[in-house]
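Take a look at the structures listed below.
Both of the next two complexes hold chain A, though its partner changes from chain B to chain C.
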Partner chain A sequence: MHYKKLPKEFLEEFINRLRKWGEVHAPQKKGKNTYFFSRLDDPSKVQIDYTRTVIPPTKKYVLRPVEPLMLFHGDRAEEHTLRTTKLVLFGVHACDINALKILDRVYLSEPRDPYYEIRRKNIVIIGISCMPDDYCFCKSMGTDYAMSGFDLFLHELRDGYLIRVGSPMGHEITWNISDILEEVSEEDIEYLKKFEKQRLSSFKRHVDISAMPDILDLAYNSRVWERYSERCLGCGNCTLVCPTCRCFETYDVWLSVNTSMRVRRYDSCFMVSHGLVAGGHNFRPTRLDRFRHRYYCKSYFDPIHGINCVGCGRCDEFCPAGIKHIEVLNEVIGEIYGR
Partner chain B sequence: MKLKMAIFELTGCGGCELTFIMLNEKLEDILELYDIAHFKMISSKEDLHKYDVAVVAGSVSTERDLKVLESARKKSRILLALGTCAVHGGPQSLILDEDLEGALAEIYGKKVPKEMKIFAGTPISEYVKVDVEIPGCPPESNDLFQALVDLAHGVVPYKWDYPVCLECKINETECVLVKRGIPCLGPITLGGCNAVCINLGIGCIGCRGPLPEDVNIPSEYEILKSLGISEKTIKRKLRMFSKRVSLNDHEKNLYK
Partner chain C sequence: MGDNLKNTYLGAPARVLEVENLTSIEKLYTLRFLDNDINNKFNFIPGQFVMFNVPGIGEFPVSICSSPTRTGYLQLCIRRAGRVTKYVHENIVEGSIVYIRGPYGNGFPLEEMKNSPIVLVAGGLGMAPLRSILLYHLDTQHFSDLYLFYGVRNYELMLFKREIRTLLRGYYNVHVYLSFEDIDRGARELIRLYRKSIVRGMVTDALEVLRGSVPFEESYAVMCGPPVMYKFVVKKLLDLKVRPDRIYMTLERRMKCGIGKCGHCIVGTSTSIKYVCLDGPVFTYWDVLSTKGLIE
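Now for the complex of A and B:
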């Protein structure tokens, strides 16, 4: 990999230069401590030390929360013209970058999703290092470090950022802005080592996922699911903010008497109607079914490709009932293997 | 040929019927599809024959309400309950049948007029079969528009079942419950309002009523209690708009 250094005083300049490759979107703050990705007009507004956004940036920009698909005029159907802007996502965390790889696998496999694909192709990803907070458990999931899936990745140094270049686009950018970049010194590498050591020892939540598929196979009737599903509100917050949850609902809305629009919108497997199929059968009729389903979807269904969870901690941070993903899994694991 | 529609008003504030008028330019679309045969708020003209669609707003709180409702049901092919009072009973359903006498005495003193035949506010579905329900206090006029156009095209209006939280998350609004400790009924309340109150930093008061199928009242109760809110306040909060949140059933679960 290729490494460069961005001195701290050039951070805003760096962000402004990125505009050459697209509209810059970055973490910003709203309310007391809520972060969200949005267009960054003033580089000083960037929340570089943000914990996590509500909707993960990687999901938000490739799979829009609400998007029109088709227009119907009487009997005539017309595909909605897909217009897309080139975007630079500045300040994406490693967990979200790793989550995007999971979404790519789903949406870019045949049949490819054209809406996803065109947006995906027009996104430049600039990652940034972070320190775990009380909710993070990405280390347990092996997603706390991004080795690919970004164009540039910034690691905090005392007086700047160490930049890892992860793609041809990344090379193009660093080559174009070489006047504000420096070479990495031994001192910088020492700082990086120290930072990484501190980062890795700061995790407060852990789970051992080595035997997860087996454990979940054996734990289907565990009382743990039942106990937690009694507390679960079934509100779906955990799935909406999840960087790998990708279910959507498709529905039509009338615009006038004879014109309508087909829309898709984020959906959640916690909705009763999510498991409803033709004929009125519901294959997840109870809250227990729906609650358990989420854990199996995150940790079980796709063992070959790994686990569908990147440990970003959003589900825990936004659960009104205070249910903690890792706590549930650890109880299940403890029950089966006493681990 | 246009369909015939009637709008009936039972006990309520009149806001739901106003929602129809507030369709504004979309009202023209509706008038392309429907003839309005009966709607006291806009015309004293009365056509008491058969209707394709009868829209009923308000709860059943008087004997007159019940007569109007039964006649609307008999004369219509499709009956649509509009607003939280019609769907869930509304704030007037806070008073239970057994407390009614005391409540009347409190308001009218000893001289309760004999001709007042009043009962506790009740959702209309407790008396007649309801085909379509559009809750909300007031309901979203677009929900009414979608349902009326659907019905005119022979489509069964979709029955949503997602909570306020869904749109709140899509808006990336700061969660008032989790982040600020403000009581919010969003997780158990039917969405569709675009989480308008939470966008303004106010907790959801549950005006669209509870989720239609699976609603975990005991868990919401525990969450509100952990915020230091008194039991009495929580109960009133939960029951404010909906008679369907049965406190008796729910208390059984609470203290088991």
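Now for the complex of A and C:
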């Protein structure tokens, strides 16, 4: 890894210089306590200490909530061509970077999703270190630190940021702005160590994942699923804000008498239609089936890539019924142990 | 897989050459790609499916029911089951253009089954993907013997009547057994002609009747049918001593992409997640044991 240091007084200058590689989008405040990633016109507006955005930046910029796939004029089809803007996402947290790697695996495996690929190629990712709040459980999921998946990653120091360079693009940027960068000092390294130590000891929520996939599977008939699914409203908020949920539904829209458009939009496995097939058979007919399905999909242990959840805490913070993902997991796990 | 066509979600335009009414709710569509290059290159394995895309209406997965040995065209047997398939039945006629992408899914492991006896167990529309194996065998004599067990409500709803009647008359190493739940006029006529090959009841009843006459212990078994069928047929096959590692089935789920992106066809739990469109639609009995919810 190549390391550099950005002195604090150059932060705004740094952000402005990033515009050379694309439109800069960064966390900004809307309302009292909600954060959104959006275009940053004034670098002083950046919320560098934000907790989490509602919609994960990584998902928002690669998978649109609604997007046309193709146009039909009578029998003639035409692929929808994307107007691509080059984007620099400034201030992405480690969990979201790790989540993007999961989305990449889905959308960039053959056959590739062309729309995803074009957007993805045009995104520069600048990560930033963070302190966990009451909802974070990324440490349990092993996604609290990003070792890849970014171009630059900034770690807070007393008087600046330690920059990790994670890609050729990252090198290009640091090379071009070397006049505002410094070398990392011994003191900075000491600070980083202390910061990391404090970060790692600040997590309030934990779940033990080593045997979790098996224990959850064994607990298929646990009463805990049932109890929580009765509280669940089935609204699908958790899937909407999840950085690794990526189901989509497609449908056709008519624009004129002979022009139509195939569109896709986010879908959620909490919707009754998700498992419904023609003739009325539903593979997940009850709320319980759908509730459990999401936990299983998120907790799936892929032998190569690990677990599908990055512990960002969004589903907990934004659940209107106050259901906490990690509490459900812990309760199911605990129940089996306790018997 | 999927390399045949270049546009991931669109597919290639194909012309409907022929539409044949099979029953009151199923039609057989014969299609050919407009681009000759694609016709020459399009290759598939029985058990694979394509996405059938009707501009402005929608898209759905459908098994290929013709055989890869018969090139230059594709056949799809489509049941009128919902919105898009209803549109297809009413509006897609000879000469219509639709878009086809695929082939998708894994298909049956035919190489492994070569020269062994095979038992096909079809329920209703499940006959469609199995017809691909049947035709493949007729063209290549791939199996030592082929036993087809086809269960259908009544004769009226039976698919591929002409082909099946031909085979009932006796064809070298192909043996056909039918089961009807209701005996209508057609079924009565078949019983009169081929008494030994027709059973009243479910497809599992037909399997039971042939206990002792079919070499189940050495056979591969492949099944396809409505979701409720699998549990009962698997149980019967195991009871008839078909080896568990030789039991295959092809499954369905809601599908919106066919290529592992849209998430609809995901089944399983934290230890085993399967995509029916990628890991299937053909699954083994071992998959059933290790993946909860694969069959009901």
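Throughout what follows, the second predicted complex is superposed on the first by the 332 of 339 C-alpha atoms of A that agree within 3 Å, B and C clash if a C-alpha of one lies under 4 Å from a C-alpha of the other, contacts with A are read in each partner's own complex, and residues count from 1 in each chain.
Here, a residue touches a chain if its C-beta (ideal position, glycine included) is under 8 Å from a C-beta of that chain, and two chains touch if they have at least 3 such contacts.
Here the structure is a predicted model, which is why all the values come from computation and not from measurement.
Superposition model on chain A: chain B and chain C are shown accommodated side by side without a clash.
By the touch criterion defined above, A:287 lies against chain B but remains apart from chain C after alignment on the C-alpha atoms of chain A.
Legend: residue contacts after superposition of the two complexes on their common chain; A:251 is shown touching both chain B and chain C. When the shared chain is aligned, no partner comes close enough to touch A:18: not chain B, not chain C.
In the superposed model, A:112 lies in contact with chain C only, and not with chain B. In the overlay built on the shared chain, the residue A:279 is in contact with chain C alone; chain B does not reach it. With both structures placed on the common chain, the touch criterion links A:233 to chain B but leaves chain C unconnected.
By the document's definition of touching, of the two partners only chain C reaches A:297; chain B does not. In the superposition on chain A, A:100 makes contact with neither chain B nor chain C. With the two structures brought together on chain A, the opening angle seen from the C-alpha centre of chain A toward chain B and chain C is 70°, to the nearest 10. Set against each other, chain B and chain C touch different numbers of residues in chain A, with C touching more.
No C-alpha atom of chain B lies closer than 6 Å to one of chain C in the superposed arrangement.
In the superposition on chain A, the residues of chain A contacting both chain B and chain C are 251, 254, 267, 273. Every residue of chain C that touches chain A in the complex is listed here, in rising order: 2-3, 7-10, 13, 55-60, 81-82, 85, 97, 99, 226-227, 252-254, 256-257, 259-264, 266-273, 292-293, 296. Residues of chain A that touch chain B in their complex: 30-34, 36, 53-55, 65-66, 230-237, 240-241, 251, 253-254, 256-257, 265-268, 271-273, 286-287, 317-322. Residue ranges of chain B in contact with chain A, taken from their complex: 26, 29, 32-33, 145-146, 149-150, 152, 158-163, 165-166, 169-170, 172-175, 177-180, 184, 186-188, 201, 211-216, 218-220, 222-223. Those residues of chain A lying in contact with chain C across their complex are 69-70, 72, 74-75, 77, 79, 106-107, 109-114, 212-214, 216-217, 220, 245-252, 254, 260, 262, 264, 267, 269, 273-279, 281, 283, 293, 295-297, 299-302.
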